[in-house]
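Note that chain A is present in both complexes that follow, paired respectively with chain B and with chain C.
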Partner chain A sequence: MAKISIEDVSFSYEQDKKNNFVLKDVSYSILPGDSVLLLGPNGSGKTTLLKLIMGLLKPTKGKIRIDDADTSKASVFEISKKVSMIFQNPEKQFFAETVREELSFGLKNRGLREEEIKKKVEEVAKKFGLFEYLDKSPFDLSGGEKRRLSIASIIILDPEVLIVDEPTAGLDFQYRNLMISIIRGFLETRNKSLVVATHDIDFGLRIANKAAVINEGKLVWSGDVVSLLREEEIFSKGILAHTFTSSLISRVISQSNVDFQKVVKILEELTEGLM
Partner chain B sequence: MSTEESRKTIIRIRNLSFKYKNAEKNVLDTINFDVKEGEFVLITGPSGSGKSTLARILTGLIPNSYPGDLSGEISIMSFDPRRNKIYEIAQNVGLVLQNPENQLFALTVEDDIAFGPENLGLERKEIKERVEWSLSVVDLQKERHKAPFELSGGLQQKVAIAAVLAMKPKILILDEPTSYLDTLSAIKFAYFLNELKRELNLTIILIEQKIDLFFKFLSRIVVMNEGKILIDDEPDVVMNFCIRNKIPINIPLQLLIIRTLGETYDGKKLYDYQVDDYKMLFEKIINDR
Partner chain C sequence: MAMNFVKAYQFSRKETTIHALDPRVKLFVSVGVAIIGIITLDPIEIAFLTVIQIIILALSKSMKLWLRSLKALTFFILLIAVSQYLTTQSLIQAIIFSARFILITSATSWFFYTTSPEDLGRALEQMGVPSDFSLAFTLSMRFIPVIANEFQDVYDAQRVRGLNLEKGNLLERTKAFLPILIPLFVEVIRRTYEISDALELRGYGFKEKRSHWKELKLTTNDYIFLAFFLLTIAIIVLHRLYYPLV
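On to the complex of A and B.
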C-alpha cells in the first residue's frame, strides 16, 4: 500500500515570479492506514496541495513522492494507478454522455470484461442512489446527484489512496451520511488511506484519525484528531472555527474525559433519531 | 414594525407544476407557496426534491432559459416569468447559485460586480458606487482586481453575492450559498445575511441544508420532498414535525439534545444558551445510557 511523502514543498501558480507562494515549505507524510483531515480556511491552499499530490501541479520547490516515485517525473496515469482524487466541482469532470458510461470508463481502461463492468456499475449505482439515472446525461442531474456520481466513479476504481476535495459541499443529510458509510467502507480494507480536504469538521470527525491544518499556505498544525480537539489556540486564533457539534465534542472529551469514539457514536445515534 | 398580517404578500404561487422539457414526470407538483415582504424563509429537503427548480421559476430562468411545461398561478411582485423577461425580474429578485463558478465570467472581480448594473444602463457614477458598496458589504476590497476563477470557492461565492446585490434586488434567493464556505465564513455569513436583510429591508428565501446556522433568524421553514411541499410553518413547528416523522434533514443538535431529555423549550431561546449548558445536558444523556 502506498506511502506519500511531501518534502519541503512550496508552490506558486506564477511560475515566472516565484515569490507569490500559495504553499510554503510544507512537509507531511501520509502512511498506509491514515485517514487525514486537511483543514484550513477558504483559500489556504488545500486544493492546491491535493492537486500537487495527484501530479496535476508540480512543486516549485521541494518534492512529493508516492512510494519511491517523484510526482514531478511520474506521469499522471502512473500516479492514478495508486491514488485517485474526487474533485470539488464534479460537473467539470464529466465527459461521458450517460451516467452508465461515466461509471464504466475507468473499468474499461483496466480491461475488465463487459459483463463484469455492467455488474459493478449497477451495483455501485444502486448504492449511490443513481440506478434510475443510468441512461441520463450527467449534466441533467441535480447538484447532489452530480456529486454522488463523481464519488461513485472513483470508488468503483478501488484506489489505494483516496483523495477527496470537499466531499460534503452541497450534499443533503441522507447523502452526507451515505458518504460517511462509503468512506468508512473504503477504510475497512487494511492499509488503505484517505486524505480529505474539508471545512465540514463535523463530517471529518466521523471518519478521520489524523488532522493537518493549513493557514495561508503554511502547515500550522498536525497530529491526531483527538489532540486537535484539545487544541484551543487554533480555534481561538480564527484559523479554524468550531461548529456547535465540534465544540460540544471538544468540551466533553477534554473536560469530562469521555472517550472520543463513544461521544461520536452517541451523537450519531441522536441525529439519526435512534434515541 | 408591521405585524405579520398587515405585511404585503409579494410572492404568491398556486397549484404550480413544472416538468422539464423531455422529462417524464413533474419535478414540481401542485405547489402552493406565499412569501410576505420582509420574511426570512428557509427551504430545505433532500437533493432532487425540486428546490433549485423552484428558485429558477422565482427568478424567471424557468421558462426563459430552461424550457418545459409550467402551469399554475405565479405572481412574483406582480411578475409572471411566462410574461416577463429575466432582466425585468432580476431588478427585483436576485439569485445566488449553489456553485458560484457558474455565475462568474468577467476578467476581474470588479467587472463581474459591475456587469449587472452596466446592463441596466445606469450612470457611471451610480455603477461605481454600487460596486464599491457591494465590495465593502462582502469585504472583498482586497480582491477587486483579481480574476474570479483564481479565487477559492468561498471567495467566489462572495463575489457572486456582491454581483447580485449590485442589482439592488428586493427579494434575495440563495441556493445553498454556504456549500463552499468554511465554517467561520459560514457562521459570519449567516449573521451577515440577517444584517443585510434588516439594513436593506430585503425579503430572503434561502435554500439550505445547514438549518442550525440560520435557525434563530428565520420566520419560516419549508420542507420539500419529491416535488411537493411537505410542511411550511414556523421553525419550531417544522422541527417538531420533522423529528416526530423522522424526516431526513439536518435538525439542529441543540433541539435533539433537549428533546431527548424530554424537556420543554422555546426553540429560538435555545440559541441563547451556552455550549456548556448543552455539555451538561449531553453528559446526562451519556450517563443515562
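On to the complex of A and C.
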C-alpha cells in the first residue's frame, strides 16, 4: 500500500509572484493504515494541500512523493491509480445518462474489460444501495442517493489512499452518519489510508487516528488524535474550536486513563447517531 | 488554464488615478482607441497609440496583468501573423496585423482591469442604456470568473476519475469534453435560477426606475484624461494630413 511523503512543500497560486505562499514549508508523511484528520480554519490551505497530494497542483517548492514517484513528474492519470479524491459537493461531477454509466466512467478510462466493469459496478451499487437505480438518470436521484453515487464512483476505483475534502459541509445528521459508515467501510481493508480535511472536529474524532493542524499555510501541529485533545494551546489560541463533544472527550481522557476509542464509542451509543 | 485566459480581462481593485476615473470617460477613450485600431493600417499610428496604452497601463499599475494576458493570447497573435503572411506573402503586413490586435486588446484590457462590473453597469445606465440590458451585462461580467472556477473544479473531478483530454484522435478528444461540459452546463443553469430568484426577492422588476446610491459626475482628472485623448487624436489627424498612407 502507498506511502506519501510531503517534503518541505511550499505553494503559490500565482506563478510569477513566488512570495505569496498559500502553503509554507509543509512536511508530513502518510503511512499505510493512517487515517489522518487535516484540521485548520477556513482559508488555511487544506484544500490546496489535498490537491497537491492528488497531483492536481504541483508544488512551487519542495516535493511530494507517492512511493518514491515524484508527483511533479507524474500525470493525474498515473497518480489516480493509487490515490483518489472526493471533492466538496461531489454531486457536481455527474454527466452520464445512467447511474451505471456514471459508475463505470473511471473504470472505462482505465481500459478495463466490459465484463469486469459490469461485475464491479453491480457489486459497488449493491454495497451503496444503488442497485435498483442502475438504469435511472443520476440527476433524478434524491439528495442522499446522489451523494452515495458520487462517492461510490470514487470508491469503485479501489484507491490505496482516499482523500476527502469537507465531507460534512452542509450535511445534516443523517448524511454525516452515512459518510462515517462509508469511510469506516473503506478503512476496513488493511493498510488503506485516508486523509480528511474538515473543520468538523466531532466528525473527525469518529474516523481518524492521526491529526495534522494547519494555520495560515503552516503545519503547526501533528500527532495522534488523542494527543491533539490534550494540546490545550491550539484550542486556547483559537486555531481550533472545541465543540461540546470534543471538550467532553478531552476532559474525560485527561482525567482518567480510559481509552479514547472507547469514549467515542460510548458517546455514539448514547446519542444514537446524533453526534 | 481557463483561469489565465479570464484574468486577461478581469477587474482588479487598486487605488490609482485611472481606476478613479469616470467609467463613461474610460469607456469612451477605450472604445475610441479600439476603433482607430480597427481602421488604421499605419505602423507609426499603431506604435504611437500602443505606447500611450502602455502609459495608461503603467499608471493603473496593471503592467503585470497585461503582460500575463499577452502571454495567454500568444496563440492568437501568432495565428493572426501566420494567416496574414500566408494570404499576403508580406512579412510587414503580418506584423502590422498582429500589432493592431495587440493594440485593440490593450485598449480594451485596461478598461476592464480598472472598471468594476458595478461601475460599468452604472455608466451604461446613465448613458441611457435600458437597465435590464445593463444589469444583464454586469451580471454576465461577474459570472465569467465563476464559470472559469467551475470549469476547473469539474475538470479536476473528472481527471481524478481518469479523464484524459490529451489522448486519441480529434473525434475522441471532442467526445472527452462531454463529461466536463455537461456538469458545467447544469451548474450554470442552476446558478442562473439562483440569481433570478435573488433578484426577484430584492424586488427587481417592480419599480420603473431604480435608484442609485451614487450618481456619476465628471472630475478634473476626467477632463484632463479626455483632453489628452483629444490631443492624441489631433496628432493622428495631423500625421494623416502630412503623411497620407498610399
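What to note about this one:
Throughout what follows, the second predicted complex is superposed on the first by the 227 of 275 C-alpha atoms of A that agree within 3 Å, B and C clash if a C-alpha of one lies under 4 Å from a C-alpha of the other, contacts with A are read in each partner's own complex, and residues count from 1 in each chain.
Note that in this section a residue touches a chain if its C-beta (ideal position, glycine included) is under 8 Å from a C-beta of that chain, and two chains touch if they have at least 3 such contacts.
Model, not experiment: these values are computed from the prediction.
Annotation for the three-chain superposition on chain A: chain B and chain C clash. In the superposition on chain A, contact of A:N20 is made with neither chain B nor chain C. In the overlay built on the shared chain, the residue A:F94 is in contact with chain C alone; chain B does not reach it. By the touch criterion defined above, A:S84 lies against chain C but remains apart from chain B after alignment on the C-alpha atoms of chain A.
Look at A:N191: by the touch rule set out above, it reaches neither chain B nor chain C.
When the two complexes are overlaid on their common chain A, residue A:L56 makes contact with chain C while staying clear of chain B.
Contact with neither chain B nor chain C is seen for A:S29 once the two complexes are overlaid on the shared chain. Counting the residues of chain A that each partner touches, chain B and chain C differ, and the larger count belongs to B. Of the two partner chains, neither chain B nor chain C is touched by A:S236. Once chain A of one complex is fitted onto chain A of the other, the partner contacts of A:G43 are limited to chain B, with no touch recorded for chain C.
When both structures are laid over each other on chain A, chain B collides with chain C only at 199-207; the other stretches in 1-9, 163-171, 181-189 or 199-207 stay clear. No residue of chain A is contacted both by chain B in one complex and by chain C in the other.
Of all residues in chain B, only 20, 45-48, 52, 98-99, 101, 150-155, 176, 179-187, 209, 212, 243, 246, 248-254, 256-257, 260, 275-276, 278-279, 282-283, 285-286, 289 touch chain A in the complex they form.
If you check the complex, the residues on chain A that touch chain B are 13, 40-43, 47, 88-89, 91, 140, 142-145, 166, 169-175, 199-201, 238, 240-245, 247-248, 251-252, 255-256, 258, 262-263, 266-267, 270-271, 273, 275.
Of all residues in chain A, only 16, 51, 54, 56, 75-77, 80, 84-85, 87, 90, 92-96, 105-106, 109-110, 139, 153-154, 157 touch chain C in the complex they form. Taken together, the chain C residues at the contact with chain A in this complex read 64, 68, 150, 153-154, 156-164, 178-180, 182-183, 186-187.
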